[in-house]
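The following pair of complexes shares a single chain, chain A, combined with chain B in the former and chain C in the latter.
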Partner chain A sequence: MKKSLIAMGLVVSMMLPSVMSAQKVVCKIKGSDTCLPLSQKFAEVYGNKNAGSGISVVGGGSGVGLAALLSGTTDIAQSSRKMKIDEKLKIQETGKAVKEVIIAYDALSVIVNPSNPINKLTREQLESIFTGRVSNWKQVGGPDLKIIVYSRETSSGTYEFFKENVLKKKNFASNALLMAATGAIVQSVSQTKGAIGYVGLAYVDKDVKALQVSFDGGKNFVTPSVENAMSRKYPITRPLFYYYLTSRDAAFRPLINFILSSEGQKIVLAEGYVPLS
Partner chain B sequence: MKVRKIVEKFTEGLLFTSSTVTTIAVLFIVFFLFKSGVGLFSESPVEEGYTLAVNANNPVGILKTNQIKAIFNGDITNWKEVGGKDQQIQLFTIDELSSAYTEDQLGANLENIPACVNDYVSKNDNVFAFFESRRFPAHFVGRKLQVPKITVWEFLTGRQWYPTSAPISSFGVLPLILGTLLVTLIAILFALPIGLITAIYMAEIASDRMRKMMKPVIELLAGIPSVVYGFFGLVVLVPAIQKVFNLPVGETALAGSIILAIMALPTIITISEDSIRSAPVALKEASLALGASHWQSLRLVVIPYAKSGILAAFILGIGRAIGETMAVLMVTGNAAVMPHSIFEPIRTIPATIAAELGEAPFGGTHFKALFALGIILFIITFIFNSLVELIKSRNNK
Partner chain C sequence: MKTKKSTLFTAALMALCLATPALAQENAGTVSYSDVEQLQSDNVLAKKLKITGYIQTQFQKADTAGIASFAGGDFASGIDNRIAVRRGRLKFLYDNENAQAVVQFDITEKGLAIKDAFLTVLEPWMNTVSLTGGVFDRPFGYEISYSSSARETPERSRIFQTLFPGERDLGGRLTIQAPKTSSWNFLRLDLGLMDGNGTNVETDSYKDIIGHISATKSSADEKFKWGLGASIYKGGFAYTTTNLYTMKKTGAEKGFVLETVKKGDQSLRQYLGLDAQLSYDWVLGITQFRGEYLMGTQPGTSSSSSSLTAANVSSKSVAASDGVVTTSNVGKDVYSRPFAGYYAYLIQNILQTPLQAVVKYDVYDPNTMVSGNEIAKAVTSGVKTGAADVKYSTLGVGLNYRWSSNVKFMAYYDFVRNETTSNIVKASTLDDLSHDRKDNVFTFRVQYKF
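Entry: the complex of A and B
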């Protein structure tokens, strides 16, 4: 009798975690537009699997999401950049702590028109092209053709990331064409001979050519691809983050675990992002 | 009898209320626009909550927005160029801080940052520090730099639009104003003759059957969402312009103008046609009876009669073009440069507001600058409308 009770207790205690894991999560995710399609997919799949879950996903930009987290108007902030040191300081002042989770990676590809014979550029060359110091393809070993720089709008997190990491915080050329959407950059680059632009890996198609880039002064040129991004060989790779208050960890854990599981990471790959491993 | 009176009173009240509410709503929106926009001119262009500072021995006092931007862009690297001593400018931001000091020195909770800032600024007399204002110690050994506030003149005549650039943003709207006016002007140059000719044809020459066919088609143009025009422009018009004029880039002021012209056509055609048709038959018959040909009476009697209607169509067409956002946003390239020709990319005011308002932090400098842009647009439209009124009242005399 006693034995069977213990056995039952064991069985129950073993079952408990699996029951717990199929938990409903109700939360609001806000922030980066880059993460938006991915988070929406997560919310959809997770919601279908766990009845009663209500995950709403809103864009607005990384900065907007993090500010909303600080002011308590969102539960999770999705961000395509790491939290800035002053944002961390602000959180510290309120006496709260923030948990950071990397949910996926995104590789930024530099694209040109397929008719352009240039196949690779160094970071220094990219900097001079995007800041307007170099204005003809001739100057970087290409044909005598005017360079047309396409960029995202100033509000974009991708704009900030590119400016910070490739341009080393210098400003884009004032004659750069600022496009409202990533799709518009692909469209324009595909129909403009001298064009150059930058888009997420998932957006690269046969109408544009992705360049190999070198961040070590021209020693190694790396092709943007999921494999190279996963092995961190490709230099313009950025992590995508979720931020939430440590005190809410227990409530959001099931969702985070799902995202980090192999099933969640399969979604990452299917949506055109780079999985964690 | 009584019931009818009550119903009449009620209807009257309803009419009064709805027109008052409309007026108040319009006034409220204008008030909101001005209130949000004017605030820009009490703002400093330095990123909110941040301070720039130099070593106490640095003779440089006030730096202009452009100079600060040039320093952070790497265009100015020596203090001599901005009126200081002949020495390299040493930038000092949070990045340099974390590489110059170990985590131990900064403290586990970053509590030692002010002390480290003090230390660094006192040791390097060529330093140019950029930190959050709160990170400066209470007894700062260096000197905080004064940056002049944004002025109306600077705003209107500035030629650089870098609204989110750190540490200092520049709000120069001249390229945006000129871009908007250029696109609108060219659009009207296209749309007015074509619209007028079509209106005359439809009102006076076309057969009834022809007119019945054309009218709905033209009115259909007005019902197409502007995003569709924009996409059509981006995919069809932009490559075509690029090929025909052999340009390096197809997203130009010209592309925007053509799309805007197409969009303004229904307004121009419908209104001018109506005003031409409203010319009294008696007038026309009198002219014909005096021996004038059809063309003569059209040119000398009907068109002059419809002049104010045509003018209204012209102005409403401009109104449609100047405020149009989405289509222009998609085909003009949005490069905030001074327009030199119609074969270059430009950026318009509405496109700027639409593209940037979504992420400008509420109440911040950028946000206010976008509202100030709205004020400019409002004033431009207001001037155009007043012009119509003026011309109309002259004609009526």
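Entry: the complex of A and C
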């Protein structure tokens, strides 16, 4: 009995490292700035729990991440927009296929300087402001103050999502200031009285004010929050994606399983994103 | 004494220890600064200069030895299979933000040829209008500018190979397309002013105008994408004789009627084209459809409806008995034909595998005024039509295997059908058009792209 217990113990101790090493994930994640804080947290927590893991996370924008996946310079592309059909065709042209995983949702938030008395805007007003038709806050019920529009660069998935869903595909104002990173928008809006910008909910802090928005012509204004996004009341909610080659599924599956687990989704919530359920 | 020695030794060791990193740092500093500068310079150059290319090697088997073929050129007399380098492309692109220069070579067993040599300048104010000059693809339709390395079939359609041999021409092109940030980016207009003589040296003062307008859009969920385009070609070639034959119907007869034209005047070459593309991402994989329809008037010769060039109309070399070769401009009479044709591709990417199935059907009718037994039927006045007026349809089926980002395998079979006429009966099966000729071709191709 004692011998068999020792033998079992030996077998278990021999198996343990291999089980543990099966959870080890080494990869590069690149792309969406919106996803950046969340991916960094995933990498940190997962790395602490699984010895030997090494997950590096870089921003740059969804377009940059997806281009890096196409060129093979990143393992996982994080994206706040869906992969385009042309991008899929390019991947297929190389004999490869991609796996798409929704890791969380985000409530895209319109932010202004906290000193701005404006608290809410309709989609139509947002369209007018971001396309340059409205250039002074007094035109939308605010103070006599020039509006400074901040936007992300064209490689940003958030840029594309905002243009598609809020501006209804109209052009941004020609004088809109295009920022390379989401953090730069938050910083600029916090320091500029007449500024307006848009960022992922997780980026909203005390230095900026998130506006209530209405997509029904001003009948209902909804605050960007996790609760309102989960209840689908908030109209500018979007999925956040991870894309990777299907051939690497086995290698990244432990990380993906962790992200989709209740533990991973608790991180999503704690970081200010909207969990899957 | 012992202590003194050890103190001295310790001091020397410390000095060495301190000095070494300092020295190393100094060296590293000096070296690394120039290294970084060099790297930066190399990086800038590497970003600006892009060298790409591809090689297509293939084995082909024809139904009959020596057939005329649009699947990569005619088979040599007595030969029904061949191994060839179909394309060996090497492209240099120098991209300096708003100005680009491109040179592309084709290197095969047939020799070295220049495929592209052009420059493009994009205005920096709106990033909307660009000018291109040199040798480049004619801006007509969709299939011409679709790269042979990406195309799912071995060759372009018969109609494009006939009307636009070599695809390229010498000229200038104005392109208007709003930048990606604009909601008008989905529209594109290309206007070309070309020599109309292929990649040959210009031989007349006439210029051809080519225009293509296109629109592409994707659905919000990125499941569906469509594209539509319309093209126009207006130009011609200088007559090298005073004889122009145009198709006319006289009573029940259809044939070429002779008109007298002024040598040097411009023959009529005009096309209209419509193109459409659809992509749909669904459970079986991405399905693509591409189609294009062309019609117009084509100046050719009695034996061919292929586009005229200086080479096939204006010179003839004669070797005398004493060995002296004389080249003279003898010219050829122009035969003008109303033509029509189209192609359709159906491409299915099989699930998420590297496999891709393709079916292509293309039709080229060089002379829409005659069909079947009307072709080559004797006429009482004028000149009867002939083999150059026969309609062809080609059904191609193929399978592509994208082995890696560099390597692609292609297996493709062309079922070629010709219109039949009882008026062209020849002993040689190659020339007999009283039945469908045995001119199907199988192609197995390996492509390496870099």
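The rule is simple: the second predicted complex is superposed on the first by the 186 of 277 C-alpha atoms of A that agree within 3 Å, B and C clash if a C-alpha of one lies under 4 Å from a C-alpha of the other, contacts with A are read in each partner's own complex, and residues count from 1 in each chain.
Everything below uses one rule, namely that a residue touches a chain if its C-beta (ideal position, glycine included) is under 8 Å from a C-beta of that chain, and two chains touch if they have at least 3 such contacts.
Small disclaimer: the values here were computed from a predicted structure and weren't measured.
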Greater residue coverage of chain A in the superposed arrangement, chain B or chain C: B
Partner chain(s) touched by A:Ser115 [first = chain B, second = chain C, both, neither]: neither
Which of chain B and chain C A:Asn220 touches, first, second, both or neither: neither
First (chain B), second (chain C), both or neither touched by A:Thr73: neither
First, second, both or neither for A:Ser231, with chain B first and chain C second: neither
Which of chain B and chain C A:Lys82 touches, first, second, both or neither: second
First, second, both or neither for A:Thr154, with chain B first and chain C second: both
Chain B versus chain C as contact partner of A:Gly95, first or second or both or neither: second
Contacts of A:Asn257 with chain B and chain C, given as first, second, both or neither: neither
Chain B versus chain C as contact partner of A:Lys170, first or second or both or neither: both
Footprint overlap on chain A, comparing chain B with chain C: 85-86, 89, 92, 154, 169-171
Chain A-touching residues of chain C, taken from the complex the two chains share: 150, 180-184, 218, 220-225, 279, 281, 286, 288, 349, 352-354, 356, 401-405, 407-408
Chain A to chain C touching residues, read off their complex: 72, 82-86, 88-89, 92-98, 154, 163-164, 169-172, 246
Chain B contact footprint on chain A (complex, rising order): 60-61, 63-64, 67, 85-86, 89, 92, 131, 145-146, 148, 153-156, 160, 169-171, 174-180, 184, 187-188, 191-195
Chain B residues within the chain A interface of the complex: 49, 69, 72-74, 94, 98, 109-110, 132, 160-166, 234-235, 238-239, 242, 248-251, 329-330, 333-337, 345, 347, 354-356, 358-361
